[in-house]
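Single-structure report; data block below.
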Amino acid sequence: MKTNQLTFLKWLKMLGSSKTGSLGAIIILTVTFTASFASFIAPHDVYEVNLNAASLPPSWMDGGESQYVLGTDRLGRDLFSRVIYGSQISLLVGISAVIVAGVIGVPIGLISGYYGGFIDSFFMRIVDANIAIPVILIALFVLGFLNPNLIMFILVVGVATWYTYARVVRSEVLSLKEREFIKAARVTGVRNSVILIRHLLPNVTSSVIVVSTLSVATTIIIESSLSFLGLGPKAITWGALLSDGRDYLATSWWIATFPGIAITITVLGIILLGDWLRDVLDPHSHV
Amino acid sequence: MTYIIKKLFQIIPVLFIISFVVFIFVNVSGDPVVLMLPEDASNEEIKAMQESLGLDKPVIVQYGLFLSNVMKGQFGQSFVYKQEALPIVLERLPATFELMIAAIIISILISIPLGVLSAIKRNTFIDLFISGTSVLGKAMPNFWLGLMLMLVFSVYLQILPVSSRGSLLHLVLPAITTGTAMAAELTRMLRSQMLDVLHQDYMRTARSKGLSHFSVVYKHGLRNSLLPVITLIALNISTLVGGALVTEVVFAWPGIGQLVISAVHARDMAVVQACIFVIAIFVIGANFLADILYRVVDPRIKYR
Amino acid sequence: MKESEVLLEVKNLKTHFNTINGVVPSVEDVSFYINKGEKVAIVGESGSGKSVTSLSIMRLLSETGKIIDGSIHFCGRNLIELSEKDMRKIRGNEIAMVFQEPLSSLNPVMTVGKQIMESILLHQKTRKQNAKQQVIDLLNKVGIPRPEKVFSSYPHLLSGGMRQRVMIAMALSCQPKLIIADEPTTALDVTIQAQILSILKELSEQEEVAILLITHDLGVVAEVADRVIVMYAGQVVEQAEIFSIFDYPKHPYTKALLNSTPKLDFSQTELLSIEGTVPSPMEIPTGCRFYDRCDFSSEICKQSPELKEITDGHQVRCWLVEEAIDNRI
Amino acid sequence: MPLNKDALLQVKGVKKYFDVSEGIFTTKKKYLKAVDNVNFSLKQGEILGIVGESGCGKSTLGNLIMQLENPTEGEIIFDGIELSKLSAKELRRKRKDIQMIFQDPYSSLNPRMKVFDIVAEPLRTHKLASGTDLKKQVYDMLEIVGLNNKYANRYPHEFSGGQRQRIGIARALTLKPKLIVCDEPVSALDVSIQAQILNLLLKLQKEFQLTLIFIAHGIPAVKYISNRIAVMYLGKIVEIADKEQLLSNPKHPYTESLLYSVPVSHPKLRSNHEQSKLTGEMPSPVDPPPGCRFHTRCPYADEKCMEETPDLIETQDKEHYVACHYPLYRERVSNSDSVQAILD
Amino acid sequence: EEANVDQEKTNTEEEGKEVSESEQDQERILTIAIPNDIYSFDIHDHNQIDTEAVHINIFSYLLTRQTDMEVEPDLLESYEPVDDVTWAMSLKEGITFHNGDPLTAEDVKFTLERVANDDTLQEHGRLKVIKEVKILNDYEFEIITDGAQPTLMNLLSRIGSGILPKNYIEENGWDHFLSNPIGTGPFKFVEWRRDDRIILEPYENYFEGRVQGIDQVVFRVIPEVSTRINELLTGGVDIVTDLTPDDMQRINAQEGVSAVSAPSQRVGFLGLHHGEEHPTSDPKVREAIELAIDNEAITKQILLGEATPTRTRITPGNFGAHPRLYNTYLYDPNRAKQLLEEAGYGDGLELTLTLADNHYLKANEINEVIASMLAQVGIDVNIQFVDWSRFLELRNAGDYGQMYFAVYGNSIFDSSIGLQEFASNVGWDRASYRNEEVTELWEQALNNMNFDEREEQYQRIQEIVAEERPKIYLYHQNEVYGVSDDVIFTPRTDSMLVIKDMRMQ
């Protein structure tokens, strides 16, 4: 496929023709919908403690109560509400971290790829340094030594993963730079800044979109791993629910299982959608 | 050869950047002294302790000291272990190394057949199934997968040991846990590489010679699609180490992961710094090796 | 022409591709034949279905491509009906191919020698040692200096011309009866093109191998071919002996093509160009496919013309041939 | 060769060496001599064709003239001004007078911009028009290159190769430049489309009194369009002359062989000159042969050719320059009468 | 010299015997899973109960606590006060270190004076009360303290008081000692693989006789609690420490293993800020907070009965414990609401509670419950979860808002340290709390050798604290262990893992 511009309808049609792509889209739409309307959907207050209803199993099991569809946790809080509420924060965190990373990484990638030379080596050495330390270690380190709240987490993951964008954009720019339309713009007398913004930026967006979708998934997983290590951002995120619930796996399996399923399904959806986007947006792929 | 030297020279600024950032972070973060004293120690006791550790000097002086010490391989005394930090970290390196190698091997063993199969059976049920599982493999948090594997294989089936390092059997579950995400990534990568390669002109040439589908795919396709996989493994080493950190905690694996996590909790600066350096050098080294390997294996790239 | 001389006969070949955007009818009703030892050229602009035709003969279409109709008789056997296994025995052994891009058509991680040897070992019962000698002889034959060295080189170390020679050596390796060369010189410089073309010509004479040369360059046709097939939008529009085509082209498209080609050895005051573009296979007009661009089209051209034999061995697909359009130019 | 002072463009001793040194410690630098001491001048309204094998430095020369690369040595004087002396800002302004048409009709148009914006960009950049005026100028230009106005709001991918090339030409023409460098503008096109574009360029050249540099390796096309032809080999111009002169009376052995390599236009002319076709391949520009660079493939080369580099000098024929110690003096069978004779 | 040679001989003989023994019946290895690795073998430079729980098997103290927490002589033959500041003591004879060196008064002097004089050591603060150890002869010595020290016996039976081998350390240096520690305890050190395991073996010449029935002890470090339990369930380890009450059910459900628990020294509490800028400076608010919290709900439903409500930090078994403040709590939400109304917070009050995230057993859940209980009486609690060391910073600076939650332990078995905060600057720095009477009582009690009077003084302090509520004590928590049925193990109140008291079947 050489064409990159597609009308909305054509997009829908293409999405429909890919089973995995449409599955991903449906999952993501559902999750986004629940996240946006969490406060309307959730039947209970997520903080409402009811020790008399502690550790109730899901409603379809023996001993379950119908008002607690997915059961309750150790403090009698409604798990369904918490999972729904968790979607909001988990997605928000994922998306914000990706935005932070993109805002840093994309311009650097553009500049680095376009100008090359010393600027390029400078940024690429920073990228090397960044890659050499696993994201989770950076997060562990920073959150362990500073206050592990949501904003901090978003910033850290964003700052720790910007290099993905810088690399992708840079390599894209390196090949775009050789394309003759960039030469044409230079020949016309267009300023470098304008070339960067008007000619290069729009042409890297599709790659950036693909990378970002996958990064949202990674961020959700990193967040849950950090919660497991006791350094997650203190909030009702799926990761926190999952890692808090793991101690009750053998006695009250539902506490950890439902957030786990929520993470898995969402990440699955994101990856499926991202893969499909890559197939569609990547001019080199063969759909 | 010169390429190798050039690459090696690029590592120096990288390490410098790492040292700078690490130092800055350790310094803006809090104070280790409170942790070293009893929970109800008085503020005077705390102050005295700070002075005795040289933590009251200006930051720049501390960085200068830090850098010159790092050159000598000294990251300072561990507050917890009361000894030089680097040997403590190096002591844990073999365990982590073992885990990483096993994880890489397992993920390669899993991903090659799956990736190739998935590509040649493209858009069939098999492909869908393999893609689905590999996405699942990526979608599961590491610790969760580890705990589940442990429950199934160690507690219910009782065919593998629960935790710790020892025989090869002990290695199985941690390696699978660590390697799964990478196996998933490799499978997906290999699939798309393979699909790409299947479209290449030389595959058509091979078929036009009358080679069977099987030889075309394995003799001409696999080697070409494996080359980029080397790069992918190298790029993923960092993530793999990150996953290993978590796995080590789950399986009580006595490697750097456990060390760094407990050191972070204890604010044992020296150990954390040394860990970060050792891990960074480990990752850089792995990338370097992969780079060289790639150059050796791929005849297209000339040694420069 | 005696039946026994015919090596390959393609009849009413119809090949379609199933894509997201619908069915692409790339080749519609293509018929032609090649005699033993003959050099036949297919010319046509990009997208006219030349490559698809050749790949259909080899049954090497991608999964989305399908031969809908027609027959391909090679040495008396219908290739379309052969099992994949039998077809493999023909590929490389009796029909060999040379492709346009010699770099991408060679496996980058395998030495040149191995790649040629592979085909020999596959189709002939020889030992490795003998095969190696054969390869070196072949390399020699296609004019490669220091063949021993080239034998163990990787393709990227060779120049474009050398690579194409290697491809030709590979095609020759099992003494095939037919070589299909799909634009073998398009990616090369004129100087190298001249070298490659003369090798092809020589070989076909020495080895008595038939050559199906696919090209869009009429000059290449003029240099090499015995007979020419002109394709336009998936159809054969004209087919004739080389001199008939150049001296007495019948189809308006063939004429236009000849007139729009810049020539070195004629002085042209003005190039006649064909207005408009080749219709894409998705929006092919009904009736004559050249209708929109033809200077002579009339009402009747809205119906599909048939490929008709006008004089001995000269076939044309045009309603107006009978009216002797050449007189009107 | 003497340069014409009144010429629109003078290329004086221009060299472009790319640094391809290996390693970081090696003191010996290695250079790829892409363009090595090229001189010529171009009059207003002239069309100069540049031919040569792939890698001989044609595009690099074009880029040097366009100031897309900085010459290692030498001057490029356009309209009396030495371009490399201009500041970045002045150069940007000057670019209005020199434009370029590219080879690949697919990669030369930004896929994310509409046709209108592509054609309007030069005008906007140089603030030459805006509002309805801009619209009118762009529409006029599209009209001139034979594109319908209604196409203005489409994206490039909706066009065929020929149409895209027309868009590229429109973009180059909007600024009414004095000089246009065309780098293989028809190589990627089908024969029938190629003819359209060649005719269009010729028409526009007359209409706007354009000066063109037409780079191509399709010699017949160059012959059709140019007034003068320069032949390049390994970074050097080996022969430059009036078109008819050069084709009928090539003086450099390389030119001769090159011409004989071009496929004949009629089967009857086949293999007349098999023996004069070039053997071997062009050496690498990193280590070009000493002396005459062509000596490795030249049937007439002797010791002198291996040692002394010939200068580009004028021959007996006026305005016919050649860089060869032993220029050829024989008619090449190429005029239409003699060809016609063979055909009959 | 001669003695040494003899020793070596017997050692080799013993080893020979051991081999033949282990050929006869299988090696019996006792494996204990602990959550954290020990800090080091420097007994003076840590303050970790977990670390001491391992050390106690290698090093012996002058005095030690029995299972019932009674202090009994261990290395000592006898001890008696000479005057208020001097104790005369004598060592049992014939005790040897694991390398065969005999234990003498020199070793005692070396050990105690090191920690008493070196102020970089973490236990220095506790043991600096020892002024001098005066050697009388090989086995007799006197400890001279800085002022009267009623708690000296408590100090000598805990962290920092294990007796070190003077000659061994002086000959080989500290580094060698730290990687090859020896003591006079029932087990000798074999190997320490950091973050993995510590291996010990019975010491043949232990002065109470070689420990029988155990051939090797392995402490395995397993940080993740579910992994520890899984190991226990599959027989990988015999004893698991640091479990939550929730785990008991799962363990008891399986045959062959069971969960046991015992009171620990740990007491959970809320610290309240008395600074004027905080609403909690109002005694009515403080009382309302205490009345709003249903301690029983916490101990029964969250800690599943593995805790006891308390209103004081000094729990039974500690000197100065106040029986009337233990196993009791105040709960009256209506009265709490009324008090708040009286204090002027009838239409609500917002407070911040700072908590070290995931640091104490079930603390996150407990505090979430407390927040919801306080919400019922109209106090909106905003829980600020912070990292442990950040928590310490905030607490020490008094920047935690109005409340913080913590669980304090007590390894001295005496009120002095537990109540010190209210009598010193610490209370002022952290909570702006000061009470002259408390200060006076505490200072008097510190060096008071009249134990009855001292006890009364401490109990009085506790009454005042319960009244003024610089801290609201909540519960006294049990320690939960998982034990294989093959092992007889009685958990101790001081959380020590004394292996010589365990038996394998």
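Note that the chains are named A, B, C, D and E in the order they appear, and that numbering of residues resets to 1 at the start of each chain.
The working rule: a contact is a pair of C-beta atoms (placed from the backbone, for glycine too) under 8 Å apart; a residue touches a chain by one contact, two chains touch by 3 or more.
Note that this is a predicted model, so its numbers are computed, not measured.
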item	value
Fewest touching-chain hops separating subunit A from subunit E	1
Contact-richer chain pair (by C-beta pairs counted) among A-D and B-E	B-E
Centroid-based (C-alpha) most distant chain relative to subunit C	E
Separation of mean Cα positions, subunit E and subunit C [Å, integer]	90
Inter-chain centre distance, subunit B versus subunit C - centres from mean C-alpha coordinates, in Å	53
Subunit C, residues touching no fewer than two other chains	none
Shared-contact residues (touching 2 or more other chains) in subunit A	144, 230-231, 246, 249
In subunit B, residues with contacts to at least two other chains	30, 147, 151, 199, 249, 261, 265, 267
Residues of subunit B defined as touching subunit A within the complex	10-11, 13-15, 17-18, 21-22, 25-26, 28-30, 128, 131, 135-136, 138-144, 147, 151, 188, 192, 195-196, 199, 235, 238-239, 241-243, 245-246, 249, 260-261, 264-265, 267, 272, 275-276, 279-281, 283-284, 287
Residues of subunit E touching subunit B in the complex	36-37, 39-40, 42, 45, 47, 119-120, 122, 125, 175, 178, 193-197, 220-224, 226-227, 230-231, 233-234, 236, 388-390, 392-393, 396, 406, 408-409, 417, 420-421, 424-426, 429
Touching residues on subunit C, where the partner in the complex is subunit B	55, 58, 60, 62, 88-93, 96-97, 99, 101, 104-110, 118-119, 122-123, 154, 156, 167, 170
Touching residues (chain side subunit A, partner subunit E) in the complex	47-49, 51, 54, 74-75, 143-144, 147-148, 230-231, 234, 244, 246-251
Complex contacts: residues of subunit D adjacent to subunit A	66, 68, 91-93, 95-96, 98-100, 102-104, 106-113, 121-122, 125-126, 155, 157, 168, 171, 175
